[in-house]
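Here it is: the structure, laid out below.
Order of writing sets the labels: A, B and C. Residues in every chain begin at 1.
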Amino acid sequence: MADVSVTALRKTYPGSKTPATEDVSLHVADGEFVVLLGPSGCGKTTLLRLVAGLELPDAGSVRIGGRDVTYLPPRQRNLSMVFQSYAVFPHLSVADNIGFGLQMHKVDGAERKRKVAWAADLLQLEPFLARYPAQLSGGQRQRVAVARAIVMEPDLLLMDEPLSNLDALLRLNFRAELKKLLADLGTTCLYVTHDQVEALSLGDRVAVLNEGRIVQDGPPLSIYDAPVDEFVGSFIGSPPMNFLTATATADGTALEIGEQRIAAPSTGWPAAGPAAEPAAGSAGSAGSAGSAGEPDPGPDPGQAGEPAGAPAGASGPGDAASGNGGRPVRVGVRAEAITPSVTPVEGALRAIAEVVEPLGSSVLLTAVLAGGGQPLKVQAPSDFRVAAGADLWLAIRPDRIRLYDPRTRRAIDPKAPAQISASG
Amino acid sequence: MSSAAGRPGRLRLPTPYLLLIPSALTLAALFGWPMVQGVLAAFRHDGGFSLDNVHRMVSDQRFGSAVRNTLLLIAVVVPLQFVLALAMALLLQARPKFSGLYFYLWAVPLAISDLAAGLVWLSILDDQGYLNSVLHRLGLGDGYSWLSYQHGSTMFLAVVVAEVWRATALVLVILVAGMQVIPRDYDEAAAVFGATFWQRLRYVTLPLLKPSLQVALILRTILAFQTFAVARALTGDNYPLLVGETYQWYLDLQNPGVASAIALLILAISIFTASIYLRALRQPDAIREAR
Amino acid sequence: MSALAGPAEPARPAEPAGPAAAESGVDRSPLRRRRRQRALLQLAAVAITLFMAAPIYLITLAAFSSRQALNEYPKSVLPTDVSTETLRGFLSSAGIVPSFLNSVAVGLLAVLLSIGLGAPAGYAIARYAFRGRDAYQIVLLITRALPVVVLSIPLAELFISWQLYDTVLGIALMHTALALPTTVLISASVFVSVPRDVEEAALIFGATPLAAFRRVVLPIARPGIAASAIFTFVLSWNEVLGAAILALRNRTLPAQVLGSLSNSPLAYRFAGGFALVVPSLVFIFVMRRYLLNMWGTTIR
């Protein structure tokens, strides 16, 4: 078991103008399970391959267990890998496949047999040890690939979208099995996927990548609740986070969306000074450490606001939002944070239900705001009934709103978890 | 796939058979029938069944050396070519700069006939050829008679070199095609799990190349049995080979019977060798089942 | 071409200049080792290329040397005395030009016949499942591996009785027989690579099967079929033994050269070698993209 330190890694493939990864730094603690998540082409697989030694970086370094492995060939890095295509050798039996790494490292026969049996047992492969991959199903071959990787008891386990070739039901079951297995083994793990559900479910931490950079890095729930920019917000969560164009009022108490107006979040605005409530008057930098780099919208340095998620109204609605008068913002709110109603509700947004999709466990509504026409996805309870084209009132709790700068698309809220920057 | 009945209502004869028949007939007429005749002709003399041809074939003084030379040639040339072609294929795989150009240049001999290859190397190995010229200029003596009848071993080597030069391209192309089909993942997985280059070659690449190796071996060996024009060009009559003998018996000695006997012998050896290869390189069903 | 050896090979990084290299304790020695290995690989590749290319250069040199230069010893490895007299002498030798024309005629005829007979069979194998499909393919593979020598003698006897002996048609027929199995197999793989959906779409939108074939399948398959045609032509062009046995007076070029080998001067032989090699170079150049498809076909 070891920790992994990636520092300022840069890699441009020959013949390509843009770098595949650009100044990427990441630290995985010993025993931690970190998921690299992002759309295709974002550089997550490149990063994994750089750690594995299947590609060599142009700049930067990779350290495993404190040892510099940046330019070492894969076999000297003491790691294991599960490939997306499994790469289970077709000409070897299951037992020989699992024991392949041990054989390459010249582990003697009896010891090898024992370890292979142990790994096969963990993945329920004993009945198949004498069989050949061609005689196994896709899911079974997957298990062989995993068994082959864990039997090595490596410092680091790498996985490149191992579940993506399985069908939906298998994927669900195996995901749970994998999580338990890896937790029991306690291996340091770096896992690549484009499936955000997988990422949220499996990782101790999730690093979201886009266009060769790590955009946000943190525990799954904080990625989900406090996306650092619109990209993360719309990539994570199904349906993606809604983003509405709005204007914050001069006194910061309300948000004007089209012709309508809703209460602004009370938290998370760097206060402008005298208008701030005494409760929020403690000096000092706002928010958690590492908020360096967040664009500071207000003219004054941030003062302590309340932590995100604090009960709304603990301080007056006006305190934190002051000092940002009349500025355009983007309102980010998740579909499940909106409560729809067919009867008028005070302070809610009026909209028209365009499409109603009953999904069984919930009802997904596509609503269009009245007077402005911005679309929204709303997740309603499964017993919610509304006709297409009917009026809707959408109540949004201010504390579930995240605000984003329309120009940079980044969160204005200094409570947003810091993006991992240069130091590991 | 459309059923064997073809499209309903169009033709009475199932379409695939219709498309197939011309070629099948041609092959039967130009291949099948003559083969049968050829086998029979070996045992026909003066209108009846006889082993006369076989006797004459075996008792000819050049026969022994022809057989020996042919077998020796194959035993040396084929392994040499395979090692060379494998090395070349692996070299290309490492993708050095200009690998595309190298591949094209290395594949050029594919289109060169064995006669041309012989003539090409004649210009080099002749008594006054380029090799001796270079050696002379380098002060390394007055030239050696590589192709002379008296120097049996260098005659043999000359044919070996010319054949290796010419026919390695065939094996190379088959191997490269075979390697391309092997997914890169297997090699990467082996590397991650600790295999050195040689281990990867032995435990992953070569086993997965077995089908290609098999095809290449069979094709190349059978073609090697027919080495003929190369030796003719280089050594004239002085290096007897089986096919060369066939040619002589038929054209110069006007004896189709014995020529057919030798041809039959060549056929028998070819089939025998091919079946050995097929058996030795066969993959167990378990591996082949659901590829 | 996919890169397989040393997974890190294709990703050779650029060496940054001085200051950047002094990163916090990054060990670059594996990189240096790798660069040395790459240099050695290049060296090996160049050596092999020289081995392959030098003879071709030399035969070209010989063909373009004057008679005097050819009689010299030691010969110069550099083109000092360039002249076309050797080649001209060769071309004007008895029977050369006619045999050249024969080779062309035989080649073209063989191409026409083998494509005409083989392509439909390939299409049948590619598109239909029928009894005997596997057997037919196996027969083809076997015939591909059969020695020419076994075929040519009885074929000669047969042609004598059919009055095809010593004719261009006769030789072309034999070459067709030799090329047919490969043509069928290559055509089959070419047609397999044409997506069935496209053909079926054409049928749905009203085309007859023949029109669908002509307008949809053929354009896609044309390059592969063309490559197969060139392969057949090369085969026919280079074929020596059968052509020598099947014809006496109307020989193809290689057969003609072979026949006169023993009583011809060196100059003739060198020029002949060159004349036989040049078309090959052209063929390979034209075919370079299809090389792997052609010779890499194995059982499906």
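Worth a mention:
Here is the rule we use: contacts are C-beta pairs under 8 Å (C-beta built on N, C-alpha and C of every residue); 3 or more make two chains touch, one makes a residue touch a chain.
Remember, it's a predicted structure, so these values are computed and weren't measured experimentally.
By number of C-beta pairs in contact, A-B leads when A-C and A-B are compared.
The chain with its C-alpha centre at the largest distance from the centre of chain C is A.
Chain centres defined as mean CA positions place C nearest to the mean of all protein CA atoms.
Distance from the chain B centre to the chain C centre is 14 Å, each centre being the mean of its Cα atoms. One inter-chain figure worth recording: chain A and chain C are separated by 55 Å, centre to centre, where each centre is the mean of the chain's CA atoms. The mean-CA centres of chain A and chain B are about 59 angstrom from one another, to the nearest whole unit. The set of chain A residues touching two or more other chains comprises 53-54, 73-74. Counting partner chains per residue, chain B shows two or more touched chains at residues 188, 191. The set of chain C residues touching two or more other chains comprises 6-7, 10.
Those residues of chain C lying in contact with chain B across their complex are 1-7, 9-10, 38, 41-42, 44-45, 48-49, 51-53, 55-56, 58-59, 62, 71-77, 113, 116-118, 120-121, 123-125, 127-131, 133, 136, 139, 143-151, 153-158, 173-174, 176-177, 180-181, 184, 209, 234, 237-241, 244-245, 254, 257-258, 261-262, 266, 269-270, 272-273, 276-277, 279-281, 283-285, 287-288, 291-296, 298-299. Interface residues of chain A facing chain C in the complex, by the touch rule stated above, are 7, 11, 13-14, 53-61, 68, 70-74. Contact residues of chain B toward chain A in the complex are 183, 185-186, 188-196, 199, 203-204, 207-208, 210, 283-284, 286-291.
Residues of chain B touching chain C in their complex: 1-4, 6-7, 10, 14-17, 19-20, 22-24, 26-27, 30-31, 33-35, 37-38, 41, 87-88, 90-100, 102-116, 118-124, 126, 128-130, 132-134, 136-137, 143, 165, 170, 173-174, 176-180, 182, 184, 187-188, 191, 197, 205, 211-212, 215, 218-219, 222, 225-226, 228-229, 232-233, 236-237, 243, 246-247, 250-251, 256, 259-260, 263-264, 266-267, 270, 274. Partner chain B is touched in their complex by these residues of chain A: 52-54, 73-75, 79-81, 83, 85, 87, 89-91, 100-101, 103-105, 131-132, 134-135, 148, 152.
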